[in-house]
Every structure is written in structure tokens, then in C-alpha cells.
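Same chain, two partners: chain A is paired with chain B first, then with chain C.
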Partner chain A sequence: MNDVKAITVDHLTKKFGNFTAVDNISFEVKKGEIFGFLGANGAGKTTAMRMLCGLSIPSSGNATVAGFDVYHQTEKIKKNIGYMSQKFSLYEDLTVKENIRFYAGIYGKSNEFIKNKTGVVIKDLHLEKEANKLVKSLPLGWKQKLAFSVAIFHEPEIVFLDEPTGGVDPVTRREFWNLIYEAAATGITVFVTTHYMDEAEYCNRVCIMVDGRIDAMDTPQQLKKACDAASMDEVFLKLARKALRSDT
Partner chain B sequence: MKQFFSFVKKEFHHILRDPRTMLILLGMPIAQIIIFGFALTNEVKNSKIAVLDNSKDVATTALIQQINSSRYFDIEKSLTDYKSIDAEFKTGKIKMVIVFPQGFNEDLQHFNKAQVQLIADASDPNVANTLANYATAIIMDYQNRITDDRKLPYTIHTEIQMLYNPQLMGAYSFVPGVMAMVLMLVCTMMTAITIVREKETGTMEVLLVSPVQPLKIVIAKAVPYLLLSMVNIMSILMLSVFVLGVPINGSLLLLIAVSILFTLTSLALGLLISSVTASQQAAMFISLVGLFLPTVMLSGFMFPIENMPLPLRIISNVVPAKWFYTIVKSVMIKGVGFSLIWKEVLVLTGMMLFFLVLSIKKFKIRLA
Partner chain C sequence: MRSLRFLLQKEFRQIFRNTSILRIIFLMPIIQLLVLPWAADYEMKNINITVIDHDHSPYSRQLISKITASGYFILQDYTSSYNQSLVDIEKDKSDLILEIPASFQKNLIKENESKLFVAVNAINGVKANLGGAYLISIIRNFNGNIRSKWIQFPRFNPELNINVVSSDWYNPEMNYKYFMVPGILVILVTLVGSFLASLNIVKEKEIGTIEQINVTPIKKYQFVLGKLIPFWVLGLIVLGIGLGISRLFYGIISAGNLFVIFGFAAVYLLAVLGLGLLISTYTSTQQQAMLISFFLIMIFVLLGGLYTSIDSMPHWAQMMTKVNPVTYFIEVMRMVVLKGSGFADIKNQFLIMLGFAMVLNGWAVLSYRKRY
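After this line comes the complex of A and B, so read on.
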């Protein structure tokens, strides 16, 4: 792994009126890294991620994504990232192929590129029989995997995953993480928020947010050692117990 | 451009795959024209009436025959007793009773003066009024014929000419109304719902993270509805011309141009609604209650605006459909050119720009 920075965050803050959703956070993510962003509901994970995706303007601090500034170069950032939200993000009334074509189309990919890569993706996901079926006929796990493949279809530098595995069974979750590993192996940086602690173990590095601040940041192994805990679950409980904000 | 076409194609997929949307888009205009054209009519035909003839002479027999043979009346019953009239009306089967007093013909011959009583069921005032007018006209007609040989000292002959709509057909006034209603419903409600749906399902977020500019998203959403509205305008016009027999007296091009203007106004309103609501139900509710009802009530097509109290007359000015209705009526029925409708066109253009700027601003604010 080299030392090129995919994301740099420097004293980033977001306030909504009197409420400080993200409070002076700083961190860096290396290219090709799988970076886990953990925290209870309402800890500020999604707000932080929205700022990095160019959906929300920070109140103060600096950040760059793929080398572009989040204040002035959001258009360039958008071209270089992929995004998958916690809500299911494909169109149910379009077929598998049409969804791929649509998303690739809005990223301005050429017809040839789309045609060639669609075949590869469908083969990788074993969706050959379902390629011309409506997405709503697929089981949830397949949809999530497809949504991930669509999010990285245009070959972004960084992919942001906002609680991507919500409501999915453990087996499918494991398969989903295999896809993430494959993507990371091709050099795509993965920024993932989750509150499943078993998933935190899969990350190269995790950062735990409590009340809008970063409470701990290290590899899962180091964190467990530092907190004298057997699993990430315990680490999280020890840290999150200090939280003042209630669950939202 | 490629982004844009991918988007428009996707929108068409959404529309074409949802049978309910298709039904509303293409079935509703046809259904409305047919309902308004054939079922809802304020013409009075074949009304059932009764006669109480106390003289039974030449004159009354001739008159009754003439009334019965007109297409407005069917004489259902002959009464014999004044007291039975009330009971007849209460059964609700008859709408009017014509009463001839005793010695009708004698009075007419000897005193040049006779009386007829028309008693109408005014629980439906419009029908009662119309029936009384029709009956009076038939009686006057009879009177004119028998006085033909005897010259009256003075006669004023009224000649009435019904301009633009000689047969007084209801279709002339509701075709423009239905156009306003359909375009409002299709463009405003459907656009609002389709954008809010993407917010609900979460796809909007993914679109906003993508490099597509918000303005492009909005325009791409509107394009399919604009095209479908064109189809609707054409089908409504064809149905009115070929099925209902309503003519297009003015320029067809002008008519289509103002329809596009109104469509754009409705689209802008739909965008505005979509940017202030978060659920499909809310968007539908606002479109129906906030726009559809005023369109029906305050555009002048169901109820004449001139007869409304002042506050309602003032409110009617902010209803875009009122201006569109006025324009279409002028162009289609009266055959008026642009020089006489430019004020209404200006108002509509102003409204369109206002809603459009406001909705694009709102859309951007939501991003920050």
C-alpha cells in the first residue's frame, strides 16, 4: 500500500443552528484502504460523509477528496466518487441492465464502455438469467450487491458506502464484503459507515465517532488491544457508553 | 447531452411501466371529454310535465298538442283537480304543471285576453327557469299565429342571435375547461409525485452525488410530461372537433402555443410542490386540494367568476387556469388573434417564470 492520500480531513465542523453535528474532526484515508466509520445513530457519521460527497457544505475546517477541495471543487469530486446510500438506491421498475445503463449514462460513460463492462458485471454477480428482469423481482441481498457494483461501475477513485448492509442476512453480508475486498484490490478506496461491529473487523482501519467527535482511530487489532477487549463490539460499547446524545 | 438522454429515457421507462400512471395520463383526458360531453349537460330535453285543462276547447287542445310535440316536453299526465298538483310534484316525477282556466278559448275570442298558469318545481331553480321559458316561448308562438290575420297596433319583434355558439352547446365552454384541468393534473401532480418518489426511495440522494447538475435532473424529469401533455392536447382537440363538434375558430398554432405555455406553468408548479414536500401522499394532496379544486371552481368554467363575491374574484386571479381558460375560449370559440389575448398571455408567462425561478431556488437550497 502506498502513501497517496485519497481523503484528507482537517478540523472539519458542521453546525445546524446551535447543534454541532460534526465537531472538529481530522483524519486521513490512504488510497486503496478500506476505512470504517463507526458510531451510534446520531453520532454524525452521515453528516460527515455528506460533506465529503459534496452534498453539504462544511461550517469550518478543510477537506479534500481525491485531491479536490470540498468547498470549491464539488463538481470534480462528484465525478471521481461512487455512492451507495443506506436506502436502497436502484430503480425497482427498471431492469438490471437498464439500471446499469442509466447510472453509467449519467456519469457520461461511452456506449462501448457500458456495453463491455455490463457483461462483466452481470457475469461476476451471476445475474445472467436476471439481466432483463425488473430489479424489484430480485431478493434484497442481490439488490444490495448489484447496487454496489453500480456504485463502482464508472470506476471511481473512492466509493462511499452509507450503511450498505442494513437488513441483509449474515451470509449475504459476507458476500458483500468479498465484493468490497475485490474493489479495494483494484485500487478503489472504500469509505464505509456501519453499526455492525463484525463488519468493523473487516476494515483496514476504523474510526469511532461519539457525539460528533472522533473518539478512537486505528486498526481493529490495535483498538482491541488498547481497550483490552476481545471484539470490536466490546470496544464500541466501552467508547459509546460515554455518549451524551441520545439515540435519534 | 448523453447524461440528459439517459435520464429522459429512464423517465419514460417509469411512466410506460406503471399502468396507473398511463391510465391517468392517457385515459383521463378521454374519459373527461366523454363524461362532460355526453353525461353532463345543462340542456333540458324531454322533461315530464302534467296538464290541468279546465276548458278542453279548441285553443287548449291545440296548445297542448304543440307543447307535447316539442322536444323539450313530454306530457306525462292529465290532471283533473287543482288539489292533486301538490301531490304530483311531491312524487318528483313531473317538473312542471300547465293550468288552463275555464273558458280559455272564450276569453281569448271575446276579450282578446286569456290566462295560463305555469307551476314549476323550483327545487332545481335552473331547470325550473328554463322550462318556464320554453313553455312561454311555445305559448307566444301560438299567440302570434292566431293573431296573424288581426293586425295588432304595435309589435316589437325581438330577434336573438347567439354569437359564437348558436346552438348553445355546453361543450363550447367545457372543452377549454377540461384542457385546463387535464394539463394541470398531468403536469403538476405527476411531476411533483415523480420527483418526491425519488426522494422517498433514496435514489434522489444518489443522483445528487452524481455529476448531473440539479437543473438537468429537473428538466429531464419535466420533458416526458411535456411531450405527453402535447399528446393530451391533441387528443382533446381531436375529440372536441370530431366527436363533440366544437370548432376551432382561431389559429391552431396559437392555441397550441398557449397550451405549451400553460403546460410549462403547471410543470413549474409541480416542481415547486415537489421541493416543499417529502412524501408522495403530501404531494398528491397539495396538488389536488391546492390546485385541482381551484382550477375547477375558480377558473370560470364551472361557475361564472363575475357572479362571485369580491374576495373570490380577487383570489381567482392567482389561479393560472383562469387565464388559460379565458385564452382558450377566446382563441378556440371566438377565433380571436394574439392582439386581443396578449395581456392574459403576459400574466401566464409571468406566473410561469415566477414559479420556475422559485422552484429552482428551492431545489438548490435543499442541497446545501
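After this line comes the complex of A and C, so read on.
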């Protein structure tokens, strides 16, 4: 892993009125890294991620994504990232192929690129039979895998995944993580928020947010050692128990 | 521009895949145009009349047959008691009472004058007014006939007689449908523009795909255009279907150039699409969007001169019709379809509509936030 920074965050803060959703956080993510962003509901994970995606302007602090500033260069950031949100984000009334074509098209990919890569992706996902079926007819796990493939179809530098495996069965979650590893191996930086602590173990590094602040940040192994815990689950419980904010 | 092509492709696919939208787009104009003009008809026919005849003379019978032969009145009851006729009115069987006094014929011939009594049930004001007016004109006509037949003219007519000859321009048969159908077409186009477009955008908010669009490099204006263009095209198609239907079923052939209608409709659709867009930026669920559109369309229709004449509204209401885009299109439709007005005649309305389009779309784009 080289030392090129994909994301740098420096004293980033987001306030909504009197409420500080993200409180002065700083961290860096290296290129090709799988960076896990953990925290209870309402800890500020999604708000932080939205600022990095250019969807929300920070109240103070600095951050760059793929080398671009989150205040002034949001359009450039958007060209260089992929995003997959909590909510399922493909069009259910379009077919698998049409969804791929649409998202690739709006990222400015050429017809030839789209055509060639669509074949590869559909084959990788074993969706050959479903390629011309409406997305709404697919099971949830397949949809999520497809959504991830669509999010990285245009070969972004960084992909943001906001609780991508919510409601997905363990087997499909495992397959989903295989896709994430494959993407990381091609040099895509993966920034992922999750509730599942077994998934946290798959990350190169994790950071745990409590009440809008970063409470711990390290590799899963180091965190377990520091907290004298057997699993990430224990680490998380020990840290998250300190939270003052209630579940939103 | 390439992104726009992909957006348009997606929108058209989604619209044509959604059979309920297609049904609305194609069935709505057909049903509305086939049903509404017949129901929303202001010509008064079938006015129920009760005649109290105390005279039973040839003249009174002549008068009654003249009234029933006019086609406007149905002789509900023929009685000789005023009390009986009151019962008819109270039971809503009758709208009008005509009382012919005893010795009606005798007085008319001997004394050269006679009195008739007309009572009107004014609960339905329009019906009462028109019914009364019709009846009076029939009686006047009857009066004229009698005089010319029976009464010796003096050497010169003691009363000045002004004879008014009228000719009804642009709609010579005074066919109410000619007046209604172009107006209903306007409402249809308005529905497609504001209703369907705003629902479509809000739907993306509801299912969350708009978030995904917002993290892509798509620009605000591209997304907006991608939404507006399909409904702009659909609106013009609906207008075309509607004009076809009104020709087929009502024989209404536009006196003016169709290009003028479509040219104005093109700008008009921009304005109502801007309104639809605006509604979508202020709402987050399809339900909210639907209720607001419904509310606005009700007001637009009632204050647009479709059913009621703007000239007879109070001043404040007339001011309100000026900020209603529907008013202008209804006016233009009637001018072009019935009068054959050309582009030069509707220039003012055209410019005003351009203004509407710019203000509404500008406002909508400003309030459509790509980042929130």
C-alpha cells in the first residue's frame, strides 16, 4: 500500500442549529484502503459521509477528497467518487442493463466502454439470465451487489458505501465483501459505514464515532489489543456505551 | 449534453413502462372531452313551467302552445289554482309560474292591454334569470303577433320602435360546446404539465434515487431539463389528441392556424412545468404534491374563465385571474379556434406567458437544491 492520500479530513465540523452532528473530526485515508466508519445510530457517520460526497457543506474545518476541496470543488469530487446509499438507489422500473447504462452514461463513459464492461459485470455477478429483467424482480441481496457494481462501474477513485449490507443475509454479505476486496485490489479506496462488527474485522482500518467525535481509530487488531477485547463487537460496546446521545 | 441524452432515455423508458401514467395521458383527454362538454352546458333547456290559466280562451291556449313549442320549457302542470302552482314550486317540480288572468283575451282586444304574472323560483339563479328572460321574450313576440293581426294600426305608430337585429359572430349557432371544448383542452394540458411532472420528481425524492443522482456529476439544469422535456412533449401530444377528438366528435375545426395554438402551448407548457417543478421542490412526498396541485388547479380552473365569465367577476377576482396562466391559454384557445386569430393578435398573451415561464422556472431552479 503506498502513501497517497485519498481522503484527508482536518477538524471537520457540521452544525445544524445548536446541534453539532460532526464535532471536529480529523483523519486520513490512504489510496486503496478499506476504511470502516463505525458508530451507533445518530453518531454522525452519515453526516460526515455526506460532507465528503459534496452533498452537504461543512460548518468549519477542511477536507479533501481525491485531492479536491469539499467547499469549492464538489463537482470535481462527484466525478471521481462512487456512492451507494442506505436506501436502495437503482431504478426498480428499469432493467439491470438499463440501470448500468444510465449511471455509466451520466458519468460520461463512452458507449463502447459501457458495452464491454456491462458484459463483464453481469458475468461477474452471475446475472446473465436477469440482465434484461426489471431490477424490482431481483432479491435484495442481488440488488445490493448490483448497486455496488454500478457505484464503481465508472472506475472512481473512491467509493462511499453507507450501510450497504443492511438487511442482507450473511452469505450474501460475505459475497458483497468479496466484491469490496476485488474493488480495493484494483486501487479503489473504499469508505464504508456499517453496523455489523464482523464486517469491521474485514476493514484495513476502522474509526469509531461516538457523539459526533472520533473515539478510536486503528486497525481492528490494534483496537482489540488496546481495549483488551476478543472481538470488534466488544470493542464497540465498550466505546459506544459512553455515548450520551440517544438513538435517533 | 450527453448526460441529458441518458436522462431523457431513462425518463421516457420509465414513463412508457408505467401503464397507469400512459392510461392517464391517453384516456383522460378522451373521457374529459367526451363527457364534460355535455354536462357543463349553460344553455337552458328543460325549464319546468307551471301555467295557471284562469281564462281558458283561444289566446291563452295560443300563448301556452307558443311557450311549449319554443323548446326551452316543459309544461309541468296546467292548473287553474294558484295554490296548486305554489305546491309545484315548493316540491321543486317547477321553476317558473305563469299566471294568465281571467278575461285575458277580452282585455287584450277591448282595452288593448292585459297583464300577466310571472313568478320565478330563484334558488338556481342562472336558470331563473334565463328562464324569466326567455319567457318574457316569447310573450313579447306573442304580443307583437296579436297586435299585427287584430289591432288596427293608427296612421302612424305612436311608440317609437327600435328594431334590433343581431348576428352572432364566431359561434353563429351559439353552440356552448364550441366555447367549452377549447377550454377543457387547456385544463388537460395543464394537468399533464403540473400534475404529472411534479409527481414524477417527488417520486424520486420518495424512493431516494434523487440522492444518488445528487452525488453524480449531473448538473441541476440537466436534471431539471431531463424531467421537463418528456412532459413537455407529452403535453403537446395530449393537446394534439384533444384537438383531434374535438374535431371528430364536435366538428370543431380551428378557424386559426394550428401552429399558433401549438406555438402558444409550447410556451404555456414551459410555464406550467415550471409550476410543477416548483411544487416538487417544496414537497417531499407524492401525497403532498398531489394535494397542492389539486388545490392550485381548482383555483386556476375556477378563476380561469372556463366556466364563469371573467368580465362578470368582482374587481379583486379579475385581478387574480391576471396571475393565472390558465386564463391566458383559455383566452388564446378561444380566440384562435373560434375567431381565427393569428400570432399578431395573441402577441400580448404570448409575451405574458413567456414571463410566467421565466419567473416560475427561475424560481423553481433556485429553490431546487442539489445540496441540502
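Convention: the second predicted complex is superposed on the first by the 248 of 248 C-alpha atoms of A that agree within 3 Å, B and C clash if a C-alpha of one lies under 4 Å from a C-alpha of the other, contacts with A are read in each partner's own complex, and residues count from 1 in each chain.
What we mean here is this: a residue touches a chain if its C-beta (ideal position, glycine included) is under 8 Å from a C-beta of that chain, and two chains touch if they have at least 3 such contacts.
The structure presented is a predicted model; accordingly, all values stated were derived computationally and were not measured.
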Touching partner for A:Gly17 - first (chain B), second (chain C), both, neither: neither
Touching both chain C and chain B, counted on chain A across the two superposed complexes: 53-57, 75, 78-79, 81, 83, 85, 87-94, 98, 101-103, 105-108, 160
For the chain C and chain A complex, residues of the former touching the latter: 2-3, 5-7, 9-10, 13-14, 17-18, 207-209, 211-219, 371-372
Residues on chain A engaged by chain C in the complex (per definition of touch): 53-57, 74-75, 78-79, 81, 83, 85, 87-94, 98, 101-103, 105-108, 160
List of chain B residues in touch with chain A within their complex: 2-3, 5-7, 9-10, 13-14, 17-18, 201-203, 205-212, 367-368
Touching residues on chain A, where the partner in the complex is chain B: 53-57, 75, 78-79, 81, 83-94, 98, 101-103, 105-108, 134, 160
